[in-house]
Amino acid sequence: MKRIGILTSGGDAPGMNAAIRAITRKAIYNGMEVYGINYGFAGLVAGDIRRLEIADVGDKIQRGGTFLYSARYPEFATEEGQLKGIEQLNKFGIEGLVVIGGDGSYHGALALTRHGYPAVGIPGTIDNDIPGTDFTIGFDTATNTILDSLDRIRDTATSHVRTFIIEVMGRDAGDIALWAGVAGGADEIIIPEHDFHMDKVAKRIQEGRDRGKKHCLIVVAEGVMGGNEFAEKLKEYGDFHTRVSILGHVARGGSPSARDRVLASKFGGFAVELLQEGKGGLCVGMLDNKVVASDIVDTLENGQHQPDLSLYDLNQELSF
Amino acid sequence: MKRIGILTSGGDAPGMNAAIRAITRKAIYNGMEVYGINYGFAGLVAGDIRRLEIADVGDKIQRGGTFLYSARYPEFATEEGQLKGIEQLNKFGIEGLVVIGGDGSYHGALALTRHGYPAVGIPGTIDNDIPGTDFTIGFDTATNTILDSLDRIRDTATSHVRTFIIEVMGRDAGDIALWAGVAGGADEIIIPEHDFHMDKVAKRIQEGRDRGKKHCLIVVAEGVMGGNEFAEKLKEYGDFHTRVSILGHVARGGSPSARDRVLASKFGGFAVELLQEGKGGLCVGMLDNKVVASDIVDTLENGQHQPDLSLYDLNQELSF
Amino acid sequence: MKRIGILTSGGDAPGMNAAIRAITRKAIYNGMEVYGINYGFAGLVAGDIRRLEIADVGDKIQRGGTFLYSARYPEFATEEGQLKGIEQLNKFGIEGLVVIGGDGSYHGALALTRHGYPAVGIPGTIDNDIPGTDFTIGFDTATNTILDSLDRIRDTATSHVRTFIIEVMGRDAGDIALWAGVAGGADEIIIPEHDFHMDKVAKRIQEGRDRGKKHCLIVVAEGVMGGNEFAEKLKEYGDFHTRVSILGHVARGGSPSARDRVLASKFGGFAVELLQEGKGGLCVGMLDNKVVASDIVDTLENGQHQPDLSLYDLNQELSF
Amino acid sequence: MKRIGILTSGGDAPGMNAAIRAITRKAIYNGMEVYGINYGFAGLVAGDIRRLEIADVGDKIQRGGTFLYSARYPEFATEEGQLKGIEQLNKFGIEGLVVIGGDGSYHGALALTRHGYPAVGIPGTIDNDIPGTDFTIGFDTATNTILDSLDRIRDTATSHVRTFIIEVMGRDAGDIALWAGVAGGADEIIIPEHDFHMDKVAKRIQEGRDRGKKHCLIVVAEGVMGGNEFAEKLKEYGDFHTRVSILGHVARGGSPSARDRVLASKFGGFAVELLQEGKGGLCVGMLDNKVVASDIVDTLENGQHQPDLSLYDLNQELSF
């Protein structure tokens, strides 16, 4: 393979630029040409494609977001869209594609694979909800960003003896809530993958109060319910001087952490090696601390992401 | 004066601990005794008071919040509450009081002053909305915290070509919105002290789009309207791929910036000098880069905080 | 086991407090009593020991350093010292001990084990150089701290077209240099575990210059040589407008990252479970993303830490 | 004036990019054309000059360093160099120049002024050592960066009961040492503008020890002596378990603080207004919290920067 393409798709995640840089440099180092596709699958279909040289990825490793931009593009679910995309790839002489993104991006890569076009997926999303990997690019940074907010909120919660409900991103996955919650010393962590009982939550808050605890932090993944809704329901069990914080999109941006940049560099380098060997239809991941490739069809059909629920149980014992 | 007290009141602000430390050390250095009053005026009336030694304020300068806690206590607006407070102060032999906080705290200090009890106010609030000073303790830190969020959000806004409405604290004062907005390169800054026209806002966004601008950030002080409400109204003028972020309480906490710690140290030291000279009924401030004391009655009755509106005009020219 | 002790030993590392908190809470939750030993093995021998309650570890998870203090104490290498330590443990009725620290601390735990006293080691050091685990508590935070400095230095290096030699901690282990170097986009990473040739380093810098590269960052682990010495030697091959930065102790402190707090919480919880089952003579670790326990004698005698040298090779291809 | 130029010179400082952005946008908004000159006076003489459009300064406000690069260029002290520079400016039709930088940059602007060419200086240096202004662009960020390091070092100093000597930048000016020292709770601050006695320093450390103080932080401005030299001299008075940290160039880079960005925006906007009115031979500054312009000849000949020595005295009382 002599010429490869890269696109980022879905929600941006810190470290996407580090992955683009790694792919570009590794490929050029190994004698390949690299093309960047702007705005994800939308740009692919539209032919918004340009050559990337070494200098184009200089001074990018530390930047949040994606300098190839991203976009939603449901039209790529249609065969028509997919064939148009492959047409563009052929027009530019691009023989293989690296797709960096989340679930939707993987489905795009899968579609290309099914049409016989070699595509490799790299998991890039703050949500950590991609099968085939223990960690996605951006998850570590997002967790640290949320943690920083939790630490700030605790200052205020302690100073005012208040209960804070902190809503964090995570439509279907509780990973950010779990990790940030354990790291931030949250009293309760409410995630889609574990049930909870509002009366027990209220009881624990009250017990903490009675013991002289100054603050109470409850982290809620948005997939369970909104922070304001949670506060409303909690109010039925007592007045806990509750305040709500909705952290939202802040977790998406920012300079990537060391771990996310290293992960992105490894994933990017490995994806190039796979394409170099002519392999496609794969997705890259970190499993048991090793970089691996899995069949993308199999991963999307049978794989299922599961958060580390041992953290849930641990937190119950540490925050009582 | 041989024995003084300190309390923090109202919303906590980063740098309050640095002020408590400065007051305590400066006073002890000059041969006085220091008492800390927990939970603001509520703790004062309840007699929740304890001696502070040098070691009690060690390792506190870098901490957010207030280790003397804070609380709302509307009862201190009554003469009964005020007399009870003075009774407690007399009981502990405390001859003068430093009150650190915002507008409400100043009114508490004013009440004590009117009863002939020497109190000195120190402006501590992230909102910067206290007359008698150009800057309050906590404002610089809060602005930097909001700015960090703006920088993060811009990564995502750029990557996705989106418009972000960012609601920041500021019920009556647009200072945080103004400073963070200018520093964050906001396209529009909506504050209570300046009118705005939604149609013009929409027009500017569209013009930026047409010029190829990738992102648009609009900072809205909560005192004007909520971020969601703003987004709703903007939608009437076009679809700008709008997202809303409500930064809320995050800006309250965190380790204080260098400037807030220096300001707090100066204010604290000066407040002790005033009490040492037997002076009360004053509030401390920074005016034209000089630490000054003003009459608290006069300041509260005639003073009025005005944000630096030159920043508003400047931003109109810089963000077009 | 009904009563356990905790000590921290060797250089402090961010996350040690999170580990102490986890041990304390998990143990109390499971009906045990917990004693904290100040100043490591020195305090153990001296009997500087006190009961820890839940509130003692409140508001500690986010703090750098170790609130149990640490100290070097070579005397614990003697049998006399060890027996005195066990005497103190018996005096306080402490039946098992958790030792958090680096290589030296593990040897202390090993000595206790050999005397039949149940001790469990937790790897806490920024250097990541402990056998029996892929990651130590503090490594992730230290790497991010160094990375932040690299990002800052790159701003200046780019603005002035300069070469920076950045000396980082790591007497025998190149882990911090490797991870921070890859994440920071370093041009060269010089570590004890890999040879290097100054002439090739100089040649690569010159080639980068010729290609129009603005900056050059060289990360040197102190175990290889000092930054100033490196700059002197490099000078023999040409004038690269070199500046030296020695980052030193800054990497030791600071609030722990999310990952380090989660790692510390898991390690702490698991150590309590081991002691609860009456198990000692073990050290806890994270291997292949799983929390495990290894025999401490075997680990110290046969284990050897090896950094992830695939990062070295990857960086050669990414930074050319 | 219809066409203006900008250059940055001397050591880079965070906020220089925010100033370039403000100048560029304000000028274009007011119907002028803007040219950026790379590599300071060296690039001016060499004609390394290009047109700047609005988009060129987009996404730059948050970046450290200077995207116009900087360079030392002693040759600009000669009349020959200066005339060549003016020749280039005339060639490009540039009618006025904004010079952002420190002392040396001001002398360049002064030289142009003496040749009748309108130049305006903007104080941009982390050292804060420019006459005609209370604050320079970059000082606030650098102080916060040093403060962050002090906070980290205190974690370690406390955990190990050690004395840390922290050498910070400041060849002739103690501003960074003073502000970061007060904000970081330093026990001693050693600056060029105030004498000190090593025996008294040692005595204070010992007294702190005797009182049970865990850590001791001594901030030394490099202009007084190096950190290692200080440690050597201190050792003559006793063994204080001393460690040395040399923070160096780290303070130069990084994303500018809110205050530095606002200051840079104000300075930039005001410089354009001055040139628009045909005024040159001026330098911009912030005096008593107001943006002002001073005669550059007078400022350089008679002005003298003085740090806020009240901070020195205050620290003596707060850190005892």
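Chains here go by letter, A, B, C and D, matching the order in which they are written, and residues are numbered from 1 within each.
In this section, contacts are C-beta pairs under 8 Å (C-beta built on N, C-alpha and C of every residue); 3 or more make two chains touch, one makes a residue touch a chain.
Chains and their UniProt names: A, B, C, D = ATP-dependent 6-phosphofructokinase.
Worth saying up front: this structure is predicted, and the values here are computed from it rather than measured.
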{"item": "Shortest path length from chain A to chain D (each step joins two touching chains)", "value": "2"}
{"item": "Most widely separated chain from chain A, with each centre as the mean of CA atoms", "value": "D"}
{"item": "Rounded Å distance, chain B centre to chain C centre (Cα mean)", "value": "39"}
{"item": "Chain A-chain C separation of Cα centroids, rounded to whole Å", "value": "28"}
{"item": "For chain C paired with chain D, centre-to-centre distance based on mean C-alpha positions, whole Å", "value": "35"}
{"item": "Residues of chain A whose C-beta touches two or more other chains", "value": "151, 154, 158, 214"}
{"item": "Pairwise touch network: line, ring, star, complete, or other", "value": "ring"}
{"item": "Chain-chain contacts as defined at top", "value": "A-B, A-C, B-D, C-D"}
{"item": "Chain C residues touching chain A - in the complex, by the definition given at the top", "value": "18, 21-22, 25-26, 29-30, 54-55, 58-59, 61-62, 134, 140, 143-144, 147, 151, 154, 158, 179-180, 182-185, 211-214, 255, 257-259, 261-262, 265-266, 269, 287-290, 310-311, 314, 317-320"}
{"item": "Touch list for chain C against partner chain D, complex", "value": "8, 11-12, 14, 63-66, 69-71, 145, 148-149, 151-156, 158-161, 164, 214, 243-254"}
